[in-house]
């Protein structure tokens, strides 16, 4: 079995996005504490105006589809806007199809409020499930994000967050490994 | 009291969108059968790549905010993609804020499947509600959209659809009128 | 116009429910700070085994239907169980139909976690909307409920909660008043 | 590896429930066309008045917990009431916890309307996911249920439904098998 590959998607392109700090922290923790190959993907690298259906070939979106094809799972770091997900995240998700199937996904929510993206996840989960992904049981809620990092950009209460992320990574890797073995052993 | 104004938003920019036919039919019915001022707004006229938060002034989105400010209600015609709403629709919705408050909204769902956009509405409703809109009780479900129009682009079973839309328009107008009177009589 | 009547529903029957304290606090605040007639309704007073559809007459549920008929709005205080609403709350909601129409509803969420019932609300809102209620824009999130009250059962940070509830009550009453006038002036 | 066991839950207790016919058809198809051990579980056999939290031992609900413990997956047949799931289904789901983990679930929706339970599923999926279940990609939508069966109680268009169910069973069994192997090979 090949080495696992699990990219991390920063799912907002908005000016002054706070989620960037969270995504970098998650990427950092994942890189250091698992031996899994990863990559931090910035949604800004994809054309937000892309409205080509997923069944049409598109050079702009080809890189995203290739990354997903190689991936054995996904971590999405995204904020909640008006109790839903960012539009650009949905545009990107909708631009692939078969590439998601039988792979686990973990969601790290970010919010300026105390709710930490929980409502956005309620909407992301059925969509990811429809695409054949497996949203794992646990999630991380980065609430009141403006107070989470110190002036040097370091997260406060680091150990608390490390513990939360460890639980999520463990569960994600269990599924990534088991489902990869399943995809190899029992191809359709 | 000024005349009511209720625009109709075509909420997908995707190539080969089927919702355009539905939006035109809804616009046509609304224009003919109510005496309400309206306008068909194509989401393609707004920059999909716009990621300016709603609290920042933006020339690109100014027209949308002005239209909403004048509006006494809204009709959204939108498809369901992967059991959620189109990303471009969320980008546009997220680009205004106070402009939505205390105004009713009706949703016409479009789908290539038999479900008619019902799942997308489950996600649109809490977001519109959070913005202070009043999603009305009834909705229209334009299921299996590829079979709904004849070769000349005319809707089949017109009377059935007229009856469905009449019920929705009646409810929308009740709220538009009552809430406009309320906004005038009891300003904050 | 008759005096407004807005009952408050405690929406969990579970043993050792923490939401009872919250419901009593909300009831207390609503009674003291508005001049609106109210009543605290305990869902335990209704038979959970009620499985009669809403279109059939049922003596067990008649009191609930009568209360709703007289009501000009509703406040629901309910916990989140497994990211959804309590089953008994849905059973009670499903036991009436026309009685909900054109009336506003405010939700106060309760949770042992930090999320305060936000996910449960995402599911309650479309259901209440389908029944013709108007879920108001704001909500109260009573997170980590075990730490909210002191040993004497008094809420900590009372002023913070009073401010949150005042905003909700103001919005609820605006809709209750405007929609009652609308129901009288423009009956169907 | 032991033989797989996948029970089928009829998730409504309502008088005159139409979902019973659908559950029997699904049970029949699953029994005949897979070699998997199954059982049709009627939610009426569990006390709806059960309000004991899942972390407390409860003789009334012990049988449900034991069935889940033995199960390698689950099929839920349930109607949509007011765009959500039946309250009694949520009460039963909430009465267990760890028993659901790392097991797939398929949902068969039933509706008197044309929507086939799609909205109810949007709410069931995040709850089942939070409990550690894996909602599979596809679902069955038994829309306009009153017209689906002939006077002898036989389903019309049997081949269409067999094809839909086959796809669901195949996917469910893939996950049941792969995850069971995973649970054995990589216990926590």
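Chains: A, B, C and D, in written order; residue numbering restarts at 1 for each.
FYI, contacts are C-beta pairs under 8 Å (C-beta built on N, C-alpha and C of every residue); 3 or more make two chains touch, one makes a residue touch a chain.
Note that this is a predicted model, so its numbers are computed, not measured.
Contacts with chain A and chain C are shared by B, D.
Rounded to a whole number, the gap between the C-alpha centres of chain B and chain C is 29 angstrom.
Between chain C and chain D the centroid-to-centroid distance comes to 30 Å (mean Cα coordinates, whole Å).
Counting partners per residue, chain B has 83, 119, 121-123, 126, 130-131 as the residues that reach two or more other chains. Chain-to-chain contact here is organised exhaustively, every possible pair of chains being in touch.
Residue ranges of chain C in contact with chain B, taken from their complex: 101, 121-122, 125-126, 129-132, 134-135, 137, 174, 177-179, 181-182, 185-186.
Only residues 83, 114-116, 118-119, 121-123, 141, 143 of chain B touch chain D when the two sit together in their complex.
Residues 13-16, 47-49, 51-53, 56, 81-94, 119, 123, 126-127, 130-131 of chain D are the ones touching chain C in the complex.
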